[in-house]
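Common to both upcoming complexes is chain A, partnered first by chain B, then by chain C.
And now, the complex of A and B:
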């Protein structure tokens, strides 16, 4: 088995196109980061203040800031430090619940969303008790920094990782066809049992590509912005918020997350999405037996998911909208709000984690079925 | 010719065509459809400015001069009179003591100021009245006519409009805008119309780009995988088969572009956008789109359609080249993705959002695209792509032996 895996890895090593794709992906991500270079002075100022006076805005910190802050820090962060308040004290999630359930009318979906916001009230009370809103994070530019990292870079990295994983899965199935050794392989001792080996290799390489992209991109962004000292801030800082249409709401997560913790959690969920993409590509490649048709089928499936969601929302078919919210591409498109209440998009807490978990089980079952079907074929051409 | 037809048959396989149709339908529903069906078709005030523009195009022609401005003012007065009659019979208006459009606007502005100051607004039915005026009593019509006349008068009072331009636009841009400001007439196509059409054309370009890549990318890879390349090169046609494949690729790309242009034109025709064919692009009254040249909307759309066709041909040539140097489907697709990203989401906004108008290439840039810069850049890219593809075909002839 180990020798087979090594042989499959060697086939990938002989194809420089994957390395080229990864390099271009990193370049693209670097351009995204460079386009947000205006954030650097604000982030560095917030990091300096956090390092010198602490990241929690309380009376001690205010006094230290007033006594020791530089002119630049006062100009950039003075207002934020002076006016910070615990926004979660007295907050009532029933208003959000009413806003999101208004178009739904009396329905089981509306009842579930109401129950979700009742559960969120407990989280809000906890955030109020812990004073999470008083974390400085990146001050007035917290929203911009957070959306750069988790609204633009994270989806880009996950998408690139998924594409790389899909490419690896399809490459491993196509390579024998290119070399004309397909019949030789399937008539060998390992025979058709090579397919699970290919899947395992594709998953390993796909995830490795994703980890490389995530580490280089997000690590590079944090370094470029100078945001290292901000990793301990709570993501539910009052300066972080979500914008949905005309609604601006706090960043309320289902668990306590520092920026570093949130980064790790989103990376882990992203890895699960990449794994889903690799397994799906491998399973469909086994079914279609043609890398190009498989790629087209995957593209059609990926594009259809947001279309279903969009059409359901436009038609007011909210049950269909709720079901479509579990589709992996739709989960990926909402990466900017993972682990938060997610408005009308979700009707249960930790919706994205549940969706990806269910999805992984589903694609694993599909991969098993496609392999069994492939194994039962009389002739493989 | 027989070779080309044979290659066309190989490209336009039923499974690929069906996949293309499905992907095209999904893409259209997801992105560009919004800008016509919702953006211009239903959203206000965009829809009202489109209806106004169509009406003025029929009555006044390409531009509006002082005499025609007076006619619009008369129309506005009539509409305000009808609104006054509506308010006279509306209980909410009577309770609030509002009898005219001016009083309604003043009350609305006062409420906005109070809301901005954090004051709580009284629950006196004003919001319902305002909505009813906008939706049922042609409130949007009055609003937009008034806004246009205010802009027209501001332009007429201050012909030297260049004060609004940043300094880096250059002397040529200043001179052009000054010249537009000095004219006795002005355009009337609103920012909503221009922006929605800009986004629509941008997504049309991306659509043509993606469809061309999907269809054309496997053209040479397929022959390699099926091991027919030596057969082709040793046939009577010999090396000419590569040229036939290139021609088939370009013809296919042109076909895709034409079909997409026709399909995208249908919703515009239904909305009546083509009624604006002779209307002048650019309007200082609406403070939108200062074109480098005098252009009608028909010419403007025509130029963009030609650029979409050019983009399709450039994409096909690049895809042909990528297919020539790829060993398998996955390799060519991995190479096609960066091509799509560069020519699509990155370049399309620069090329199609406000073609031939005085504007920066991207947000935050401190220079403007020179006159005709978009078309020139695209022509250069297309020429480079064609040269690359032709060069690869010609290079094949100079290589000896049976090659891949």
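And now, the complex of A and C:
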């Protein structure tokens, strides 16, 4: 089996398109980072303050800051340090619950969302007790920094990793048609069971591409911004928030996350999405037996997911909206709010993790079914 | 022993093979028919690339699709179109095929050397195949079919692209292998199997019929094959088989409905021993065979097929 895996990797080496795609992706991501260069002085100021005085804004830090901060730091962070407060103290999530359930009317979905915000109240009380809101993070520009990393770069990296994985999965199937080796391959002892080997190879390469993109892009962004010292800040800092329409709300997560921990968690979830994409491409490629048709079908499916979600919301078909929230593309589009309450988009805690977990099981079952079906179908040359 | 039991293959409304029953033991079974008759379909079913619409294919009494890998591990298949990875060398490609056939590396490597010698590619064993001619690719295909030392060999048009010397060599190799193996060789070139095939299988209109020796096909034509000058008058019921340049000028080779005694030969006509190709052209007279219209003029006495094909 190892020899077969190595052979599949060698087939990819015959196709330099993957390296080209990765290079273009890194260039694209670099442009996104470069476009946020205005953040550099604010981030470096916050990082310097964190190094000098710690990351938690309290009386000790305020006094030390007042005594020792540079003029630049005072200009950039003075107000933030002076006026920071524990915003979670006394916060009532029932207001959010009422806001999100109002359009739903009395319904089982509304009841689930209410239950979700009751659970979130416990998290809010915990955040209040730990003083998470008082972490400096990147000060007044925390939202911009956080959304650069997790609202733009992370979805880009996940999307690029998924595309690379899909391309690899389809290329490994298509290479046999292009080379005219399908008959030789499927009549061998291994036969049609080469397809899971191809899937394993595609998954390995797709995930490797994703890890490379994530490390280079996010690592490069953190280095470029000088945000290394901010990795220990709590993502639920009062300076971090979510904007949904005309609503601005704190960044409340279902678990305690430092910036580094949140980065790892989103990378892990992103890897699961990439794996889902690869398995789906492999399964559909086996069913359609044509890489181009498979690519078109995947593109159509990806486009349809947010369309279904949007149409359901406009029509007030909230059950459909709730179901559509589990679709992988819709989960990916909300990467900017992963592991938070997610408003009306989710009705259970850790919604995105559950959606991806269920999705992985589903696509794995679909792949198994497609391979079994393929084992009984004629080989098309 | 390979056995087909009432095997039928349909593609939509089209029936390609109907009710085929056949037994193939050790030796060469030549599968001969015009293009499009169903040879490749039959070979592909034996290679498990296509499944029968009806019927079963058995190896020593067990269904080959049920056996799965246990069957395929004993099969060497040369497809009609041999595909290779252009950036691979023959050695690397054969190593890959060996891995697909679960042949251990320590067994495969020496065998690869032997096979490359056998097919005359030893000198280019480590040359990328993107520069190879069609004949060289075909020889790589023959080598890959033999890599696992299979008990069953399925060859679909194996001599395509080979020059006469290579074709003769191939026939010798196959004849040697067939002593202890089941070899099924599909071709529309009669000379490929004329000298090496024991059982000969013909396919016409989806019907598969086996003959245990070429003489079963040629014996009924004894006394019926003549060569007459090209410009000689047409004989009643004659079927034109071809033309060639004779010693005294161009002649046409014909088949007559009935045997003709030596003393009754028309002027200028010479009796000729029937060949397998003659039998093939007579049997498939309604089919367009390799550019030769074997249908012949339909006048004079009605043509009667002696083997049940109508």
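Simple rule for what comes next: the second predicted complex is superposed on the first by the 377 of 381 C-alpha atoms of A that agree within 3 Å, B and C clash if a C-alpha of one lies under 4 Å from a C-alpha of the other, contacts with A are read in each partner's own complex, and residues count from 1 in each chain.
The working rule: contacts are C-beta pairs under 8 Å (C-beta built on N, C-alpha and C of every residue); 3 or more make two chains touch, one makes a residue touch a chain.
Everything numeric in this text was worked out from a predicted model, so none of it was measured.
Aligning the two structures on chain A places chain B and chain C next to each other without any clash. In the overlay built on the shared chain, the residue A:24 is in contact with chain B alone; chain C does not reach it.
Once the two complexes are laid over each other on the shared chain, residue contacts for A:184 go to chain C alone; chain B is not touched.
Residue contacts after overlaying the shared chain place A:82 against neither chain B nor chain C.
Legend: residue contacts after superposition of the two complexes on their common chain; A:376 is shown touching chain C, with no touch to chain B.
By the touch criterion defined above, A:292 lies against chain B but remains apart from chain C after alignment on the C-alpha atoms of chain A.
In the overlay built on the shared chain, the residue A:122 is in contact with neither chain B nor chain C.
In the superposed model, A:7 lies in contact with chain C only, and not with chain B. Put simply, if you stand at the Cα centre of chain A and look at the Cα centres of chain B and chain C, the angle between them is 90 degrees to the nearest 10.
For the overlaid pair of complexes, the smallest distance between C-alpha atoms of chain B and those of chain C rounds to 11 Å. Overlaid on A, the two complexes show chain B and chain C touching the same residues of chain A, namely 175, 180. The residues of chain C lying in touch with chain A in their complex are 44, 47-51, 68-69, 72-73, 75, 77, 79, 81-87, 95-97, 99-102, 105, 141, 144, 148.
Residues 15-16, 19, 22-23, 26-27, 29-30, 214, 218, 224-225, 227, 326-331, 333-335, 337-338, 341 of chain B touch chain A in their complex. Chain A meets chain B in the complex at residues 15, 17-18, 20-21, 24, 28, 163, 167, 170-171, 174-175, 177-178, 180, 290-293, 295-297, 299-300, 303-304, 306-307, 310-311. Of all residues in chain A, those touching chain C in their complex are 3-4, 7, 11, 14, 175-176, 179-191, 193-194, 376-379, 381.
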